[in-house]
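These are the structures in question, set out in turn.
Shared between the two complexes below is chain A, which pairs with chain B and chain C, respectively.
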Partner chain A sequence: MISKLLSGMVSRRRLLGTAASVAGAGALGSLLPVRAFAADKVVKIGFLAPLTGEVAAWGKPGLDGCQIWAEWVNAAGGLTIGGEAHQVEFVAYDNEYDPGKARAGATKLIKEDGVKFIMMLGGDTWPGVQKVAEREGMLFSTLLPSDLSPDSSTLLAPAEVHPIYNVTGVEWLAENKPDLKTAVMCAQDDALGLPSVATYLAAFEAAGIEMLDDPLLFDPATTDFAPVVTKLLAKNPAIVSLDTCYSDYVHPICEQLFQQGYKGQIISCTADFYEKIVEKTSKEFMEGFIFQFPDFDDPALNGEQINFQRPNEFYAEYNKRHPGEWGAVSWEYASIMDLWKAGAEKAGSVEPDAVLAAMKDGGSGKHAFGDASWWGEDLFGIDNALVGDWPVVVIENGKAVIKGFKSIPAWYDKHGKLLVKHMEALDQMHYQRG
Partner chain B sequence: MLELLAQTALNATYAASYIALVAVGLVLIFGVMGVVNFAHGELYMLGAYAVVALYADAGFPFFLAAAVGLIFVGIVGIGMERTLFRPLRDNPLGGLVASIGFLLILQSLASVWFGVRMEHIPPSTQQILRFSDSVSLPVQRLYVIVGAVILLTALWLFLKRSRFGWALRASAQDPEAAALQGISINQTARIAMFIGAGLAGVAGALTAPLVRTFPYMGHSVIVTAFIVIIVGGVGSLEGAVLAAVIYAFVHTFVTTFFDGVIADIVGLSLMLLVLIVKPTGMFGTADRA
Partner chain C sequence: MPEERRNSHSLAWLAVLYAGLIALPYALSYSQQEILVFTTINVLLVMSYRLLTLTGEWSLGHVVIMGCGAYASALASKALGLPVPLSMLIGGVIAGLIAWALSYPLFRMKGFYFLIGSFAAGEIIRLLWKRFRDPFGGPKGIKRIPDLGTIEIGGFTIDFYEPVTYYYVALAVVSVSLFILWRIERSPIGLTFHAVHWQDKLAESVGVDTRRYRIQAFVIASFFAGISGALLAHYVGTINPNRFNVEEMVYVLTWAIVGGTATFYGPILGAVALIVINDILLRELGFDQLRPMFYGLILICSVLFLPKGLESLVPRISRLVRRGNHNPSPPKVQPQEGAE
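Up next, the complex of A and B:
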């Protein structure tokens, strides 16, 4: 059977053709600048995130985005370190959002694969890795700055300051729909949901929006959301906040809201694959839905302040390769790589300590959505989160549209004490986490 | 308040319906074969993916896809009986361990074929029965309730009125005595697996447009089903149905009036209470328990 398959795949003509191509490429290579073909030096980057399981939607699309990033960077000559070109290669490890598997993965990536930098989703998996990071001095990144603490000096949150940026959506809502004054909220009871609950509570309080009930926490294993939605709607709220529910929850909750006759405002951190929600509800129902993650074909991302390279092309290429799979994290890990690449080239080294110092040099960095500052001492005990502007996205006529960029530091300067108060109430400050 | 109670009762009725289908199948398999089928949640998942493949992807009518889900998963059940459970019949833990291995295989196959992400299955109908401004029942949910009532009634009639049903009950009560009366243990096991697996499959198929359909969706369902059959009495079909109704109503009402995390705690406490007060469950007998 195998020989049949092989004979079908590799004909004599194809074998000769391939050999000729390889030989030709070698000859051609000698004629081209050395820079384009200095592939003998390779820098390996670890990708340690859930690629399967319930949280895979916040891991796998990021790896897919990184592959595009690597192809584009390598095609342009790779990484220039001390005048020499280096190709970038990703080594992925599926941690299945399990702390034990994340620890095993981190050890393997460092010891066996020799990676120089490891990107993670973080959250429940970071405690499994923390000791390895401290012992090895490896540079890590997380998408969830609630992982940051003074004990982890080599952990950065360079892409998103989840959940703090959620304040921008509430601030925009209060400015543009000031008549909406009451809200309810639900969230899954885990490391991702709780700090986000504290953030929305602070943002609503700052905006003068009254919470009609305590946030409704549900078990992450919940499959039927009808009772959750019935409870949410019992108080007749003007706003329903979906907090940072995983996309697998946002969809059924929205369906239930639609089926149980809700006609008010919905605000959420994410709305991955929102077009599917529109299909299962209606354009009218989803009109005005506020969330925080834009499609990268949005013209607003072509502004001068945007540091993400060729966002519209990136989005088009991503959708060509992975149709219908664009999600919140598709661009984020790639944007972290932009920052890491800039740091490595500035340091003239790929060693973790040198890159870390270069990335944080001057206290500022080029975040995907504009220049930003390293921040976080108040909340995380360490200035390892890159914070600046964040987009507010609204669904209009079935399509996500950026309505503006709002400053997270500006909000924090005015209402930071509220955020600390609610984070402390939910035991989410760095000195309260176990 | 009355409207809130009515809506919650409708939510609970839907939950009781699909939980009862899954739990009755699990009880039937245990009653006849003495096997704790840990892969039962994955049979539910297979039924849901039958709807993904046939209805959402291939465009066949929803009810045809659900019927195929019942039959297909029933046949998978027969395959499990023949290849996993029958060779291990004399090994008390063999069937349990084999079913754990099989559930991992089914999860992996679903991941490879369909991917790990939640499937987006359009409802077969957008119709909603509105009883008032805040009391409603989507017709898609009504299908699950009606489907459960029809199938469980049919099962009851089959067990009480047909010769195969008598044979199944005889095998469940005393396999050796049943064999001495000329009842084929292999055949009754095959029928029990087909019906038990098929019920899980059709539960998954009917609920597929309403729940999160993904390769690991069976986990929470099997946990709920185990709680239900322990409360109802291991081996008792009537107990499984009654316990499904009690569990669904308690869980749904506590979720609505408190929250989902407390509802889980109350559900488990209910199981512990039954184990303390009546270890065989509401309708269980000491023989199988």
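Up next, the complex of A and C:
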């Protein structure tokens, strides 16, 4: 009743619509979410990720990317299901990276908004939603395959295989800078940091790079990184690995490395907003910095094997709307939508079970960076991660450049046992979790 | 008003309140029912915090103590296979015992020093949860915590996954807990808590062991915080150290400050009002991503314009209502016959 009263009194659409009219469809109008008023049929997609708080950098840019994706798809006629056009609309819920709020958000999106698919960041929030997913049979996606388990058949990791793709950066480093043989590592002590630590340890061992010390795990509440960096540099390493640190850590750690006179190699999973790090340090200092997430204006993304639609235009449009906000997840949720759209059109239905079957049909799928296979039985207990090639990105003259694509399954075929060994040592295998 | 009449008046109001609380979930949407469950649990958390504040001490570790209850209850049910209701009780007891152990170093401090000491103690506990993956699950915490499951009664299935059902469980537990807290406050022990806060030197001069009473308040408050943590753990099915960080503690503090702690109902008003604004109103109005800004604005306004908390509005409103009842509009005076 209260919800009805609220929606009757001031619905979101009415409020924003009125405000936009008053403003003469001016500045406020441009902020309105994309709505498909003209279409008869609308498919709603849930976006359940942190949009505020310290993890928002891995949610909000993804939603912004999805809005561009929806506009482009809707402008091109929308989704074709059984010969009929459907417009796509995103419904977002800020879960604040809290499992309880994620549960409330999932039930709202499913029971009240009628979404057909829910995209999540995953991590700490997935266990709160897991029961809802099982009960409702809803199709979910996560960016963190460490959420995958045999218990959750409707959870897919179709965009990124964090942290397994980090092996490609280390492999490239070993091939191109074979004289660098010692490393140290730091990571925040949380659900994102630990599986990544295991992956880097396996990749370094496979590449014959010696770890000079145990990985330095710092508390996520850390704000002063001077002592962390001092401890890292005490062993005089040739390589400093920043693991999968959030951008709130990568930036100050790089500043500290710069201030403490480090001149060696840095490798990291992400380098979101790296331009700001270059500004705070120097082009020379950041030269050769290796990470895993390209800018989508890179010419290498125009190759025939790339399945992401118009990556250069997407990047340009994104930067036009959200200057300086391009990050690791800006394209990822949109790339998941490409896969979901293909699955729905193939199935001739938007119902979760039909789309899931169509997406996994044949055991392969069109990943953003090339055709890939549904994989993961060994590590996650279920083949629900789409794995293929992944780019290795290096900062050259202050700009991220793709230096090549390397195959994750090929690395795993050679060194899989090492990865399992380190994952088990840190209790990160699916049968060891919680 | 004679006491008997006042009591029956209060009971009538309580009956109306509970009738409303029992009917409330049916007036809400499904996701709002979910939020109602969390609100009920948070009411117990903030009310247990209020008991501690009665002695004049403000802690920054109360949410971690809640976490102790959550972890203990989760482990008791998952690792030891104990029934969930018993595990919840164990959660409360363990939280109380941990508070008792902490009280020895912490109550060597007072005021600001106690505040900082409680924060440090809380962080140590959180680090232990992270460090010891066995049994605490490390940074990822504990998942797949057993829930209350389902009960078959006369052909009816009661499913505790459903928010309405769990809300009634939470409401019952919270009601009993609040009744006990209320009785404690009205008992000689509760009056001594007030004395320890406002007249500690005077209390000591008449033989009151103020440290002992501070410890008592801390342990009792922690027991109920532990129960609230257990209620949360068995509903959401997962807990991790981040869920009990200082950011969550700031929410509890703001509920207590905005609501006020002078009356029994003050923190309840604060928690309910701020949760409804943050998780229902602002979301429904489409300000999902702007909520932290509005939340901050509301806090500043409440501190500026309601320094004594939302609870200070209640007497004003009841005075207005009473004045309205006692001064009905004067009857029209009928002109007497023959009068000009």
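Definition applied: the second predicted complex is superposed on the first by the 396 of 434 C-alpha atoms of A that agree within 3 Å, B and C clash if a C-alpha of one lies under 4 Å from a C-alpha of the other, contacts with A are read in each partner's own complex, and residues count from 1 in each chain.
The working rule: a residue touches a chain if its C-beta (ideal position, glycine included) is under 8 Å from a C-beta of that chain, and two chains touch if they have at least 3 such contacts.
None of the values given here were measured: they were computed from a predicted structure.
Student: Please determine, from the superposition on chain A, whether chain B and chain C clash or fit.
Tutor: Clash.
Student: For A:A221, select first, second, both or neither according to whether it touches chain B, chain C, the two together, or no partner.
Tutor: both
Student: For A:A104, is the partner it touches chain B (first), chain C (second), both, or none of the two (neither)?
Tutor: Second partner only, chain C.
Student: Kindly classify A:D248 by the partners it touches after superposition: chain B alone (first), chain C alone (second), both, or neither?
Tutor: A:D248 sits against chain B, while chain C stays out of touch.
Student: Going by the contact rule set out at the top, does A:D189 touch chain B (first), chain C (second), both, or neither?
Tutor: After superposing on A, A:D189 lies in contact with both chain B and chain C.
Student: Per the contact definition in the header, classify A:E112: touching chain B only (first), chain C only (second), both, or neither.
Tutor: second
Student: If you stack the two complexes on chain A, which partner ends up touching A:P178: first (chain B), second (chain C), both, or neither?
Tutor: Touch partners of A:P178: none, neither chain B nor chain C.
Student: For A:Q130 in the superposed arrangement: first (chain B), second (chain C), both or neither?
Tutor: In the superposition, A:Q130 touches chain C alone.
Student: Thinking of the overlay built on chain A, is A:G261 touched by chain B (first), by chain C (second), by both, or by neither?
Tutor: Touch partner of A:G261: chain B, not chain C.
Student: When the two structures are overlaid on chain A, which partner does A:G82 contact: first (chain B), second (chain C), both, or neither?
Tutor: It touches nothing on chain B or chain C.
Student: Comparing chain C with chain B, which touches more residues belonging to chain A?
Tutor: Between chain B and chain C, C touches the greater number of residues in chain A.
Student: Check each of 153-161, 225-233 or 243-251 in chain B against chain C and return the one that clashes.
Tutor: 225-233
Student: If I apply the document's touch criterion, which positions on chain A are contacted by chain B in one structure and by chain C in the other?
Tutor: Overlap of chain B and chain C footprints on chain A: residues 51-53, 60, 189, 219, 221.
Student: Which residues of chain A touch chain B in their complex?
Tutor: 51-54, 56-57, 60, 189, 216-219, 221-224, 226-228, 230-231, 233-234, 247-249, 251-252, 259-261, 273, 276, 279-280, 325
Student: Which residues, counting only chain B, touch chain A once they are in their complex?
Tutor: Touching chain A from chain B are residues 4, 7-8, 11-12, 14-15, 111, 116-118, 120, 122-123, 128, 130, 133-134, 136, 138, 141, 210-212, 214, 216-217, 219-221, 223, 251-252, 255-257, 259-261, 263-264.
Student: Which stretch or stretches of chain A touch chain C in the complex?
Tutor: Residues in contact with chain C: 1-3, 6-7, 10, 12, 15-16, 51-53, 60, 92-94, 97-101, 103-105, 107-108, 111-112, 124, 127-128, 130-131, 135, 189-191, 193-194, 219-221, 427, 433-434.
Student: Considering only the defined contacts, which chain C positions touch chain A in the complex?
Tutor: Chain C residues touching chain A: 26-32, 34-35, 38, 127, 130, 133-134, 137-144, 147, 161, 163, 232, 235-238, 240, 242-243, 245-246, 279-281, 283-286, 288-289, 291-292.
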